[in-house]
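Should a chain be cited, it is by its letter among A, B, C and D, assigned in written order, with residues numbered from 1 in that chain.
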């Protein structure tokens, strides 16, 4: 009867983790603020800033477990935070159905793959790979 | 879909939908929903309302609801009865007033138990405030009797009742305009068999067959221009009853509330004066001291309104045109205004740009409340003459006349009225439908008259604008039938109305559509307004005395000898004839007096 | 200044001057139109008139088919929420003097509910959400017969703000989250749940908190504050929503 | 929100073009901060995806990593980094504002003020960051 249709349909109900998602966004946000600002400061503000970043710089940082953990923590928190935030957008702008499922699946997959990849990279990182030109490596490799 | 209903058994014949309910309640204001709460659990009930329930004008009521709870000071229901009788200038049926005052206490407690958030005393009990005409010990001093929730008492009542209807799962048919009551003769007795309603959304007609019908359609303040009433208060229910040939009682008594925002009519509750606000004229004088030395600004409304008009008439009005007086709240302080009178403070700020904390507010009387209406007995049963009831037909609320308000209603007694008599109507209707009565058969094509009326209106291509006729009616009613009336002014209005009724036959409805055709409905509503205004003026002309809300300049005194009785107006003859005398017949109905003999009314 | 004198009388002193104001109204008649269309009307108005007066003037003097809801005309019944110059307001509470009349005034129906005709939308989804939060007192205790339940002034004050709601839908239809898919319960439903969750006489708070802990419940609110700004009753809607969120986290009111 | 403004007080012109879909809702600080928060959040997310991948190149070889990082050091990317940091800083500060608004009644009442505080902090932070970063980018 209505010419301009109601965008919605009967409300879906059921148990959900929205509350935890909401809390997580805030908790992770506060921690991320510290982690990301620290990260940006170290990488962009100290010394020559972005110009100083190269393999050697990264290697130098990750030689220290402190920075390893820092970055891994940042990786996990940010990806989950970001992916969960993106899930909110998908919920807002798509209707339940295949498209929505595919998008959410893609978000989940991307976050999972990158978290695993990133974690592996940080912890299995080899600062002084054999055969690499010494001028590209962190200074301590010279030894 | 504008309804919240579980009514599955609908049949459609010739485009008309047929429903069947034990009880049909017309109107979802305070009275209608209070009845529904009583009726819903006991019988299959439908509430039909032209507005969403929460849009009803009960929500506009501000000041409070009277009950002798004695929570803050000594009080008793006898005193309340006396005040009601005296306030109504002894035209009150005293048996009804007694019931009102006695059942008030339960009515308030019921509402509280249903969840209404009353203001509280420091001990956590329902707080009470002063209100016009409510006194301790038969007029000795103002008493705190009005239970309130800030200045939103009506809002809270309406919401609370609606919430409880939701809780009970009451069937609502919202934005359905009831346009006719179907009466069928059974064994020589006319009784209701249903109502015909127009679904605003679709333009389709619905017939609701019912064993009992309760009218709770509110007032008809829109016959006046300056009024505190909503645009939708066009008296449809009262008009329907009138057109059925049933009588209307005491229609000449219309209450003008003293403190409407000047020029606008928006109400500032009497609760303001209950909290201590003062009326002043241009020179700052507290003029009520002269007229009612004992209770001053808290005299009943008819008296205060009259004094205000008199002050202005005698040149003591304030403002550039000396055409209003001032309500001074400045000494109450921001705290009291913000906590106890927040809404009216905002109204003054929004609509007049006046801040009551710092400046007095321009006010003038505004048409407020119809004391008259559909005559009922104390069981809320509608009367067809002075004593005979129409079986299965009930009325409650402002559309009804019990009469607990006589010739002048006391503030806070109407919210009480809708609860006490709304409840009685619902309860008695349940008892009636469960007493073994059958559905009264509907006549062949019960919607025919209405269908024809609507087709005729929709197709009308006359030259008269609905709004122009309505405006002229309202202007003239304000001039000739307001606080002060004379035979001359009333005769003039009578003529004007006759002319307008003629012009009404030649109106134009511009919207030819079916869906949400409010243009069409405004035309229908105007028809009711014209009918009712005519009865008001005709009854007023006939009462050659001054009493309560009816103040005749040419007969300034109360005349108990000739007029201590209710007016009963009947439609007789051709409703369309030009001369009201050709189709209105007036009769009298005695006033029930139990304890209080008429006395002079001094405050 | 407690005594008033003639020259203190405010309001009426303003010179009575009228203006021609142009209104652009988004019209839609389902019987004829497939799409809403804008139509303009010129109306003579006074500064103290309200937008509702303008709509009435148009309906009564120019085009009787213009359709809108209204009743009380002073902001108490909640009939006439509409989008005026891009914001949700009550037509009867919006004064011409508070608008910029050098430009046309845009008037359109509230957003996010099905458009029925001109300024009228179908309110049923809105009321359905309202009903779903169980907006009524559920008390297990029985008060002494013939007596009120006792409630302290302080306890009464906790939920005072949310008792003011007139169910006008200005808030819900201003909420960007509600616009997206109309699934969100919406601020008005939460306000009315709040009204009972924090009423010391009520014993059903947990149920309501569970209902609002839904996917479409309070967590969808992104604190955009459009609701709070739109509310004609001045209810601090977002604050009420925040209080409900916290009650859910605490597990009790 | 009238796009086409009109003439004088007494004779407003008819706007030539009207919005068929209805006007844009004119929300206040709360709504616009949310719009910005959303846009910046999405932007950061997509950057993060790329950023993890490029950083992962350290596992491939120093040359590969340095080649990609080199791209970040060009002037054009340098400006892009300013935008990115701007987005992160806004999102971060506004995120804090949202958290305060959620948990602290005072902040709920004064969210508008807090929005302007966020903007002020953003300006200060960007003033500290941008010149230094751009000098780094352009001085090499």
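By our rule, a contact is a pair of C-beta atoms (placed from the backbone, for glycine too) under 8 Å apart; a residue touches a chain by one contact, two chains touch by 3 or more.
All of these numbers come straight from a predicted model, not from anything done at the bench.
Engineer: By CA centroids, point me to the most central chain in this structure.
Structural biologist: C
Engineer: If you tally the C-beta contacts for A-C and for C-D, which one comes out higher?
Structural biologist: C-D
Engineer: Centre to centre, by mean C-alpha position, how many angstrom separate chain A and chain B?
Structural biologist: The separation of the two C-alpha centroids amounts to 66 Å.
Engineer: Indicate the whole-number Å distance between the mean C-alpha point of chain A and the mean C-alpha point of chain C.
Structural biologist: So the centre of chain A lies 41 Å away from the centre of chain C.
Engineer: Suppose each chain is reduced to the average of its Cα coordinates; what separation in Å results between chain C and chain D?
Structural biologist: Here chain C and chain D have centroids separated by 32 Å.
Engineer: Counting in whole Å, what is the centre-to-centre distance of chain B and chain D, each centre being its mean C-alpha position?
Structural biologist: The computed centroid separation for chain B versus chain D comes out at 58 Å.
Engineer: Going by the contact rule already set, what residues in chain B reach two or more other chains?
Structural biologist: Chain B, residues with two or more chain partners: 1.
Engineer: What positions in chain D touch 2 or more of the other chains?
Structural biologist: 98, 102
Engineer: Residues of chain B touching chain C in their complex?
Structural biologist: So the residues of chain B in touch with chain C come to 1-2, 4, 51-52, 54-57, 59-60, 105-106, 108-109, 112-115, 117-126, 149, 152, 155-156, 159, 163-164, 166-167, 201, 230-232, 262-263, 266, 280, 282-284, 318-321, 324, 326, 328, 330-331, 343, 347, 350-354, 358-360, 362, 465-468, 508-519.
Engineer: List the residues on chain D that touch chain A in their complex, please.
Structural biologist: 38, 41-42, 44-45, 48-49, 52-53, 55-56, 58-59, 61-63, 65-66, 69, 72-73, 78, 81, 85, 88, 92, 95-96, 98-99, 102, 129, 132-133, 136-137, 139-140
Engineer: In their complex, what parts of chain A are in touch with chain C?
Structural biologist: 2-9, 11-14, 16, 18-19, 21-23, 92-93, 95
Engineer: So in the complex, which bits of chain A are touching chain D?
Structural biologist: Going by the criterion above, the answer is residues 26, 29-30, 32-33, 36-37, 40, 44-45, 48-51, 53-56, 58-59, 75, 78-79, 82-83, 85-86, 89, 110, 114, 117-118, 120-121, 124-126, 129, 132-133, 136-137.
Engineer: Help me check something: in the complex, which residues belonging to chain C touch chain B?
Structural biologist: Spelled out, the residues of chain C in touch with chain B are 1-6, 8-13, 29-31, 48, 56, 59-61, 63-65, 67-79, 93, 95, 116-118, 120, 122-124, 127, 130-131, 134-139, 143, 146-153, 155-156, 159-160, 163-167, 196, 199, 201-202.
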